[in-house]
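You will see two complexes here that share subunit A, one where it goes with subunit B and one where it goes with subunit C.
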Partner chain A sequence: MDNLTQIEAVIRKVFKDDSLIIDAQTSADDIDGWDSLTHLQIITEIEKHFSVKFTLSELLDVNTVGDIDRIIQQKFA
Partner chain B sequence: MIERSEMNKELTLGQQFLASADKFPEHDALVMEEATYSYKTLKNTVRKWYNVLRDSNCRDHRIGVYFTNDLDSYAALLAISVYGGSFVPLNPDYPASRLHSICKEAGIKVVLNVTDNDFGCQELNADASTVDSIEMPPVVIQPGSYVMFTSGTTGGPKGVEINHEHINSFFDFVMRSGKWDFDENDRVLQAFELSFDMSIFSLFLPLISGGCSVVVPLNKIRFVEIAKALSKNNITVVILVPTVLNFLLPYVDELDLTSVRFSFFAGDKLLHSTCTKWAEQLPNAEIVNMYGPTETTIASTYYPWNPIQSAKDAQNDIVPIGLPFNGVEYLIDEEELCMRGSQVISAYLNEANEEKFLNTDRGRFYRTGDLVAKLENGNLIFKGRKDHQIKLNGYRIELNELNAFIGARIKGTFYLHPDNH
Partner chain C sequence: MPFGNLTYLVGLIVALLIYSAVGTVFRTLYLLLLSLGFLGYISPESLVILLLVSSLSYACYSGMRGQTNRSLWFFLGVAINLTGLFFFREFSIRESWSISSYSVEYALIAVGISFYSLQNLGVLIKEKLQPSAMTIPFTDFMLFSAFFPKIISGPLLRHENFLPQLSPDRNIDWVPGIQRILFGIVKKTVIADRLAYLVNHNFETVDPTGWNNLIVAHLFALQLYFDFSGYTDIALGSARLFGFKLTENFNFPLRATSITEFWRRWHISLTSWLRDFVYTPVAFGLRGSVLGILLAILITFALSGIWHGLALTFIIYACTHAAYLMGEFLLRDFRMKIKVVVGKSVFNLLGWFLTVNLVSISFLFFRSTSCIDALDRIGHVFSCSNFFPSNWKSGFIYKIAVGGDQQNIFNLSITLALTFTVLLAEKYVYRRLESNKIRVGLMVLFMVSIGLFGVFTDLDKFIYGQF
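What follows is the complex of A and B.
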């Protein structure tokens, strides 16, 4: 399973909505209820899922789901 | 710094901004993402909006401004104040029905900085051709400075008009009581929507001192935008709701906050444990907890946080709200905090909600609805709410307003209560 599919599963779990379609361009603006609290929950769940830790500068670079994918790939490179 | 002796206490916030602009024309006034606007630039933009009001021969006491969090929003708001009007920020995120209700309640006929509005007001907009070089004397002379709307208990928002005396008393205490020293070199974080009265603090504290207001974009992920603003703008004054601090704490050790001199919190319960972590990253800052409903003008009590004394004063980890500002007095009626004085309103718009006031031999007090206790050292501590009001990111939400709204639209029995999650 590629990273993006796994990230989609994590975001669906946070929103408790299995119908969410997530791609690399998806951002908080595309999903109702994606606010500061859910953003932190998503990052925390992704950190647990991939066993990584985002730094503040990485967090500040996240505008889309594709950015999350890119940061994870960099951590495993 | 503009000395108080140089000012007339009846000056509007906008006119005090003009005094700063004349004294510090090249200083940074506003930072918005990558753009920085000097006092000279901001004043020219204010003049554009002032001329729109003058050319339309507007004589209204209250004027709406639709805020889109850009230079024009801020300049239009300042222009209303320079013109002598009472500005009423209108939040684009509100539904048209709520904006219509706010405009009706405040008697607003004219709104700046909006096109094709669906809440029934006349629109005034500006373009470059309306700029000229005249001075900007007040045209409308009236006591109101601004109007904020808070959640009401009967299904509609409650209008609170803060007049010049209220707001000048607030800034008198904050800037000239000797508690804190602000000057033209301060850079203040502005992380609030203009419909939240804390924004008046973080916008005008710098603009009437010659300092700079660093405006955080109104993005859905607000704490990330706040972290970005904190990481690159040499902020010296942080003003936040404690809730935001909880989001920042996991990353706070990566922020360089050595430039911060003051950190003010208001709008919700502040925890001692949170302050302890925050203080580790702000070696040069004083942390202050402030408290005050909109009706008492932004904040009306203060408590300087201290790692040792606050550990003793805190109850259930909650930091006290402290002592009243000069000019504010209080009484405690069956645990409820009631306040009066130079910062406290004596009526809502249209004389609504009379039950929120308590008439005594000492005068007319505003009932805050907040339950407090007094510590042995005189500091007040928040104990809870008397009614069904909750706080969401510092905003007051009356569950009864939601109950009334839903009840008017859905048949059946239901009831929202703070204990129902």
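What follows is the complex of A and C.
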């Protein structure tokens, strides 16, 4: 399973909505209820799922799901 | 303060004519001198304080660009801006002030420091977290701090958005700039200051009925929105004349269907700054627990309250919103279940109704001169007995209209009709004002409205001018 599919599963779990369709361009503006409060929850769940730790600087760079994917790839590179 | 009035507009046209004659290479320097001159004209001591705080901030920024002692320079820069913010705003705690008369008396207050000190802090924090490959030149940094359209009450700029606009090939945007300024003057003179007359009179005493206090709270919410967004339109329109697109501060906040959404739409430049530089670092540091998120919300809003002024009313106002947001966050699953049951349209309608009422009630703290006064009004709003007036004519309409004469009732009707017309039409109007096409019909409508219905006594006095 590629990273994007796994990130999609994590985001679906946070929002308790299996119908969400996520791609690299998806941002907080595209999903009802994705605000700064849930944003941190998503990052925390991503960290748990991939067993990685984001830095604050990386977090400030996250605007889309593609950014999350890029940061994870950098961590495993 | 000379902002939005005739002196300002004439000065703006003269400044723009000189700007168009100045060679593109010197335009940044010209704008810097113009901005410093504007601030010096408003308040010479504020100019000295800006030069001091921002020059020292730039020295710290330059120090951070070096290879050694980055943290030391960073903390020094933070200390300079926080000291400036505290000393020249908060230390000189108001001896007497009231929004009704707009009289604010301070020992020494530096105009604009609430905004440029946060901007400077933003540069330093960004440089600390994500050092940039490019060094900001001194003149660019100073213009970013002092840029005249935003110096009085924002919007709060971010250097990553503003500095790239300092390219020499920037165009003068006459049409959208002038149209936006005119719409701002309509909002201020035709709506906000007409509402101010009603609000100020109705705030003189606490009405014994809950209904009247609730309606007055709504009227103040409308006044504050039109006053602040009118100011912002003038600021953004002025910047647009010189080719700058500044951060939007409002996105139709009174249409929000939740408190979370409200804060994404209200005073956006300050809210997003607090989100990025206070909420996110705190919540990130405490991540993994719900309590961490709640604590981050509380800290962020408490700081937002203190930013408005060291007054208990502002701190309670901000903490009320923190409580609202915590409630929404904790009840998220329950709210989603309700949404499924009642459907999205009904859910949004209920959410909007709840949001406008909760926001307006919270503004009672913002507007009242004391917490006791605010609590007294809120107590009446939530009182089960005596909620509605026993006589609607004398107990409600005559009071809200500030008198029972035909003229008072007519003025009230006109004010409310104008308010709701602009409220409903503003999305449509903004879409049309944004283009480079001259909207003759709208311009005529604006000028006729200003001429017929405008109130000009407080044109250059904005509620957010005190912050």
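In this section, the second predicted complex is superposed on the first by the 77 of 77 C-alpha atoms of A that agree within 3 Å, B and C clash if a C-alpha of one lies under 4 Å from a C-alpha of the other, contacts with A are read in each partner's own complex, and residues count from 1 in each chain.
The definition used in the following text is that a residue touches a chain if its C-beta (ideal position, glycine included) is under 8 Å from a C-beta of that chain, and two chains touch if they have at least 3 such contacts.
A quick note: this is a predicted structure, and the numbers were derived from the prediction, not measured.
Asker: Looking at the overlay, what does A:59 touch: subunit B (first), subunit C (second), both, or neither?
Answerer: Touch status of A:59: both partners.
Asker: With the two complexes superposed on chain A, say which partner A:34 touches: subunit B (first), subunit C (second), both, or neither.
Answerer: In the superposed model, A:34 contacts subunit B only, not subunit C.
Asker: By the touch definition at the top of the document, which applies to A:5: first (subunit B), second (subunit C), both, or neither?
Answerer: neither
Asker: What is the contact status of A:16 with respect to subunit B (first) and subunit C (second): first, second, both, or neither?
Answerer: A:16 contacts subunit C only, not subunit B.
Asker: Counting only touches as set out at the top, which of subunit B and subunit C does A:51 meet: first, second, both, neither?
Answerer: neither
Asker: Where on subunit A do subunit B and subunit C both make contact?
Answerer: 35-37, 40, 56-57, 59-60
Asker: Which part of subunit A faces subunit C closely enough to touch in the complex?
Answerer: Listed in rising order, the residues of subunit A that touch subunit C are 16, 33, 35-37, 40-41, 43-44, 54, 56-57, 59-61.
Asker: Which part of subunit A faces subunit B closely enough to touch in the complex?
Answerer: Contacts found on subunit A: 28-29, 34-37, 39-40, 55-57, 59-60, 62.
Asker: Considering the complex alone, what residue numbers of subunit C touch subunit A?
Answerer: Contacts found on subunit C: 129-130, 260, 264, 275-276, 279-281, 283-284, 287-288, 293, 297, 325, 329, 332-333, 336.
Asker: Which of the residues in subunit B end up touching subunit A in this complex?
Answerer: The touching residues are 219-224, 227-228, 231, 244, 247, 250-251, 254-255.
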